[in-house]
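All chains are identified by letter, namely A, B, C and D, in their written order; residue positions are counted from 1 within each chain.
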Amino acid sequence: MSSETLKSIFETRESQVRSYCRSFDTVFTKASGSEMTNTDGKTYIDFLAGCSSLNYGHNDPDMKQALVDHILGDGIAHGLDMYTDTKAQFLQAYEDIILKPRGMSHKIMMTGPTGTNAVEAAIKLARKVTGRRNIISFTNAFHGMTMGALSLTGNAGKRAGSGNSNAGLTGVTHMPYDGAFGDGVDTLEHLRMMLTNPSSGIDAPAAFIFEPIQGEGGLNAASQDWIEGIGKLAKELGALVIVDDIQSGCGRSGTYFGFEGMDIDPDMITQAKSLSGFGLPFAALLIKPELDIWKPAEHNGTFRGNTHAFVTARVALEKFWKNDSFQQELADKALILTAGLQAVADEVHGAKLKGRGLMQGVDVGSGELASDICARCFENGLIIETSGAHDEVVKVLAPLTTPTKTFQTGLEILLDATRSATAQHKIAAE
Amino acid sequence: MSSETLKSIFETRESQVRSYCRSFDTVFTKASGSEMTNTDGKTYIDFLAGCSSLNYGHNDPDMKQALVDHILGDGIAHGLDMYTDTKAQFLQAYEDIILKPRGMSHKIMMTGPTGTNAVEAAIKLARKVTGRRNIISFTNAFHGMTMGALSLTGNAGKRAGSGNSNAGLTGVTHMPYDGAFGDGVDTLEHLRMMLTNPSSGIDAPAAFIFEPIQGEGGLNAASQDWIEGIGKLAKELGALVIVDDIQSGCGRSGTYFGFEGMDIDPDMITQAKSLSGFGLPFAALLIKPELDIWKPAEHNGTFRGNTHAFVTARVALEKFWKNDSFQQELADKALILTAGLQAVADEVHGAKLKGRGLMQGVDVGSGELASDICARCFENGLIIETSGAHDEVVKVLAPLTTPTKTFQTGLEILLDATRSATAQHKIAAE
Amino acid sequence: MSSETLKSIFETRESQVRSYCRSFDTVFTKASGSEMTNTDGKTYIDFLAGCSSLNYGHNDPDMKQALVDHILGDGIAHGLDMYTDTKAQFLQAYEDIILKPRGMSHKIMMTGPTGTNAVEAAIKLARKVTGRRNIISFTNAFHGMTMGALSLTGNAGKRAGSGNSNAGLTGVTHMPYDGAFGDGVDTLEHLRMMLTNPSSGIDAPAAFIFEPIQGEGGLNAASQDWIEGIGKLAKELGALVIVDDIQSGCGRSGTYFGFEGMDIDPDMITQAKSLSGFGLPFAALLIKPELDIWKPAEHNGTFRGNTHAFVTARVALEKFWKNDSFQQELADKALILTAGLQAVADEVHGAKLKGRGLMQGVDVGSGELASDICARCFENGLIIETSGAHDEVVKVLAPLTTPTKTFQTGLEILLDATRSATAQHKIAAE
Amino acid sequence: MSSETLKSIFETRESQVRSYCRSFDTVFTKASGSEMTNTDGKTYIDFLAGCSSLNYGHNDPDMKQALVDHILGDGIAHGLDMYTDTKAQFLQAYEDIILKPRGMSHKIMMTGPTGTNAVEAAIKLARKVTGRRNIISFTNAFHGMTMGALSLTGNAGKRAGSGNSNAGLTGVTHMPYDGAFGDGVDTLEHLRMMLTNPSSGIDAPAAFIFEPIQGEGGLNAASQDWIEGIGKLAKELGALVIVDDIQSGCGRSGTYFGFEGMDIDPDMITQAKSLSGFGLPFAALLIKPELDIWKPAEHNGTFRGNTHAFVTARVALEKFWKNDSFQQELADKALILTAGLQAVADEVHGAKLKGRGLMQGVDVGSGELASDICARCFENGLIIETSGAHDEVVKVLAPLTTPTKTFQTGLEILLDATRSATAQHKIAAE
């Protein structure tokens, strides 16, 4: 069928809520590694990677093979939270490859297979454990769209989806993230003054929740000092620390977790997006064992423990994280990315580099320009998106496995698009 | 590896929240049709079917083949909500096979791939559309575990997971479901009196949400009169009707939707569980087109539109719902089920049949007895669970495709287990 | 100054929220006993009595004298919650005359001098004591207009004052009051079924709060069985009982408290309205001593302990409640009232008597008719108001001290007004 | 009766919540001007003045006479919100003396006669008018103890009175007051950054509410720049400004309103405490006429419009505010106060002057020392209290009418007490 014929059904039957298809207005059929192909056979370099859900690229051959073997062998597809060999093997790999080498004692909770579900589980447990209600969240945070996670989310447009003046989004205090008030202002000090003043009106916190690098919020990377400071403040106040590593985890920041190498020991860590390795729905919550006071099924969900995802997730761990080599590649690639983005930034007056590791971008100063750049990229075969409160950041979330050449090609398309967009804007302004 | 070796990792690393594995304490490796096999090669008949997520059985060969072909052909695994041929084909099949023949104009929203996410989307949209906040939910309802869906859920244990006296579970009025006060009491009349009294303190409702047959709540099946009455009352009050068909849908009730043949036209319908046909995470919300006022991405989620699930879901629709034959089989099977359960009920003093279609069970009067029966079934090779406020209902959720012979065998195991459990209970009581 | 000149300032400067002045559109200057006089010297019989705040009539001579002596002697007018002789004397009288003879151990909390403040204190304390949040309130209840008390209040119009779909009115479950579903329906049984079903979605209650006779709600008098049943149910559930006796107390029901003679021992009792005896702002909360866990000033207010009110309140207790004679008078007057209202009811097809003691009225079936009757009464020198969800009840709240002759005159005016109003309505209908 | 006999009834029957009587442990009987007398005839200078409810002293002779005349003449004591000549005269005086000369168009709403009730009315109306829910309140704010007002209040101890982790205190964002982060930090800039960032998670505000000088919060006086900045920011954001002038109003700040002379035009102003002039319960809300969208009785209360208070309030306006002379006296007295407090501050290392006008105090650095100073004052015949988040501020709230000599005497007692307390503390520390 032609692309147009295929597309008519979306117009007729899919809800208006659909979104990315509006920026990338074509019908995709196949994808491999860092490239996606549409119905016309045109190939695009993918610098979006399912919003960091495809850190290892599309259809990784090893995961693909393991998954097909599993399916053909009548392996369990859906097992609720019953014991399966597949789950045991995933847990064992996670223990051996991720937890033990990092000295982490956390237990793993299989939540419903969406990031927002892991966040909901985390805040429920934080309230249950502490007997407190208030969760401290931060400006520009994005934690999900279900009511609990949405209450933590900063974006006014997303919050408005809940209706009624956001009346259900309670139990959360929103505070300035690192850098939210500009370079000179120490938001951690602000936080401390509000939370240690017994007359501030801010209730004692059950937990702090933050993203080490804010994805949707504009690729804001918190400094090591700030992250460590949050950890210390939480301890002083008897509050828990929840790191939402859904977008920044699984290598995206340059290490497996977004907070590695820092002096912080999170009570809970949310994981999703690239956890399955293959783009399959999978989310989990890491919980310090002493906080694991759930009663059986006290938080559950039909698709918790997506068995297909266990298969690919295990392969991903074994393939990429058994030793340091992948992490070293990431360090190299981050340098390439920074250099490429610096070239882009040099084209735009006042532009700033944002982010860290393989989660970087350029704040080009306006959502209009950023959007124009991305549109020009797409015309030229590059899938790339914006983020930030005003959509002002052009964001690179390429698969971590992107071959250097492809990576360079993508960055060149971006640079060209930026040049033509800024030229156009200059003409328009004259 | 031995089952015991495999199991040790669950003890060490999986959260205490795990649940079904406690009733079915073995490690499963394979499953096909209506049977699951453990590490020792022992085979169990599955009367739980992933809590109705496997209505077409485990690893249906046609879905399996289509999925493997998709994967091997580098079909998209994860595409956010971009257009894909796979999604188009699913939508087209859903339109042709489900919506058009039933005269339904609904649009389809791909929510995050969990039932609770679809429920969250529904109540957000209901509040947005009506400008009201109050959602009417019902006794023994189960709608999910994220904060919005949990606010609708009746079970005190599940609600307690949110901590702090359930303080976040606001904006909902819980009302008696059909039959909640016993046979003689018309709960619809009660509802009408509360909602039409301007001094009742019940705020004008944005929506009613109900399950046509309550799964977790004890297989309570609302009567046609009651369901139609809710529809009429909602219309009078300017409120929307949301049918949560997550467990009762996809043929479980005997028809594709749980409300077919009734004079009600729901504004929204939630689907999940068996929607993918294969047990893969997939959820959707059907929305009357005039209510589809979402802005792009106003409710989103990384795994909305699980492409693997689109593949199997399309095959399921084409294989089972293109004509009436499957539905006729279901009618036959429902009769077998009723007869089998009547035999079980005859063994227990005061027992009552519950449910409708292929979603039936027996209220044996106590959670202790029901649990004992299920445990004995498991020993004898049958996976079956309880439900209800006191876990007092033995619930049959066999795959709809279960061969008659297997179905009969399962029912016999259940009957034997009931006999031995009641005998044991009589001895204990003497 | 003329009435019209005086009235212009209200138009110019007083908020639109003013209300009773719209029904009784004249300027009052003096009042004594059961009569009020306007600027033109016209005298009205007062069957409203400050909504039961003037149970002992206007300007009782003994209270007047005591208050004037206090003022002229430079007695404390405002003392926060410091110790004063005046407060001591009030407390002593309350102990001797009210508490001891009734075997009540309650402590007295001087809340802010409004009924709503006493209600707020009660629900705060109930939540503090039980650690629970949910308060059970009833249809047609009125407990006040501040956010906590308003959350308990049934009337949709009053609730709407809080804005935003009443989003702040949380933590309350509204249940049917005695008789709310008509004569044959036992709402207590309904309540029990909802509250003892662990899957009803109704959270464990901190307290039940109810008015023995609902004033604003339409003079609904709960039966002794129902009131006692609430007490028993609360005990079973570990919940507290708060009796809101603000309007029904101080003799209005025929006894000092509205629940006297019943087998119930309320944990808290709110008092206000006629507590001062003179119409001065004064409210108090009676608390079982074991529940008095407040920390100093944990609930406070500038005008708690209105010293002028202590003076008159003490005189009221000593004058009316030292022995049984006043209560016996009330019994006689209640008979007169019932007889007079029966005559009224006989004039209106389908009319029903409502209420109990000196808090009775007639449900005339429509707010329009009730309003017309009251307007005609006012023209003829009688101040009387409506109540009920539809303002359909003509309500008599005469001072308890009204002389029999005046009482009869008032009832005759009411009867005449009813006759002419119904005649008019018949003509209009023809 | 002896003081001890009188006091026993408080122990037996008054709730533990009582508070000031614990600091001033004697029984008072009379009061006049700036002095209170106990049962033993001992006289105390009153530097507390009913927490600023007695700005014109105790039992002002002119108000006293007018009130006694009113009572003896059978003037209305309680008239709900009916029209009375007394209310008309008060309104006329308020228009002529307060509103017109200041060019204020506000309408007057008679709320329940407590400050908290006026605050509740204000936030309800702000939400109703704007359709928004979020109210911006400030650190160290005190606005009252009913649930709506308490949600705005900063003090953790007071908030804790609501039980359940303050779960009912929603719809409010607490922000730093002027100076809350120390001298160098511009909290207004902070506020602007949070409120203009569309991803801050702070919902669009319905209103800002603040005290021009925070009484309970520690005599923090906001600067003119800050107050004017709030006004401008509110206008930009489409939010209302509510000035809570309950404690700082009626001359306490040096002018009738606490914001006079500043370029701000509040949408609503709450008044209570000294509004009656005599310490009688009375509160009112000033509302810009275009915002007065209340429906009749949409916020009401039995004691709204305390007629006795109208009498004395009118006399107070006529006596003190008809011309500038009283205000000029206040300016002189403020200088005396500042000088006296400077002498006190000089005695305590690190002490700081706080406040403005006749609402000043000394931050002595610790609650323990402040409390010791106040206790020593009381022994020596001076009633004075602390305030602040840590009760670290010794606060002077003398009647505005205090004769200079008495004022000086009081300040000397305070100075002596400070000297002996600090000496004692030095000894203790050595």
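Just so we're on the same page, contacts are C-beta pairs under 8 Å (C-beta built on N, C-alpha and C of every residue); 3 or more make two chains touch, one makes a residue touch a chain.
Bear in mind that the values here come from a model prediction, so they are computed numbers and not experimental data.
In this assembly, the chain whose C-alpha centre lies farthest from chain D is B.
When the C-beta contacts at A-D and at A-C are tallied, the pair with the greater total is A-D.
Comparing contact pairs by residue number, the interface of B-C is reproduced by A-D among C-D, A-D or B-D, since over half of the pairs coincide.
If each chain is reduced to the centroid of its CA atoms, chain A and chain C end up 58 Å from each other. Distance from the chain A centre to the chain B centre is 30 Å, each centre being the mean of its Cα atoms. The centroid of the Cα atoms in chain A and the matching centroid in chain D are 49 Å apart.
Counting only residues that touch two or more partner chains, chain C has 131-133, 157, 164-165, 167-168, 170-171. Chain B contributes residues 164-165, 167-168 to its touches with chain D in the complex. Across the interface of their complex, chain C is touched by residues 131-134, 137-141, 152-157, 159, 164-167, 169-174, 176, 180-181, 189-190, 193-194, 197-204, 217-218, 388-390 of chain B. Of all residues in chain A, only 1, 6-7, 9-10, 12-22, 24-32, 36, 39, 48, 50-51, 53-54, 58-59, 64, 67-68, 71-88, 91-92, 94-95, 99, 107-110, 112-117, 120, 124-133, 144-149, 151, 157-158, 160-164, 167-168, 170-171, 206, 246, 272-273, 278-281, 285, 287, 292-303, 306, 308 touch chain B in the complex they form.
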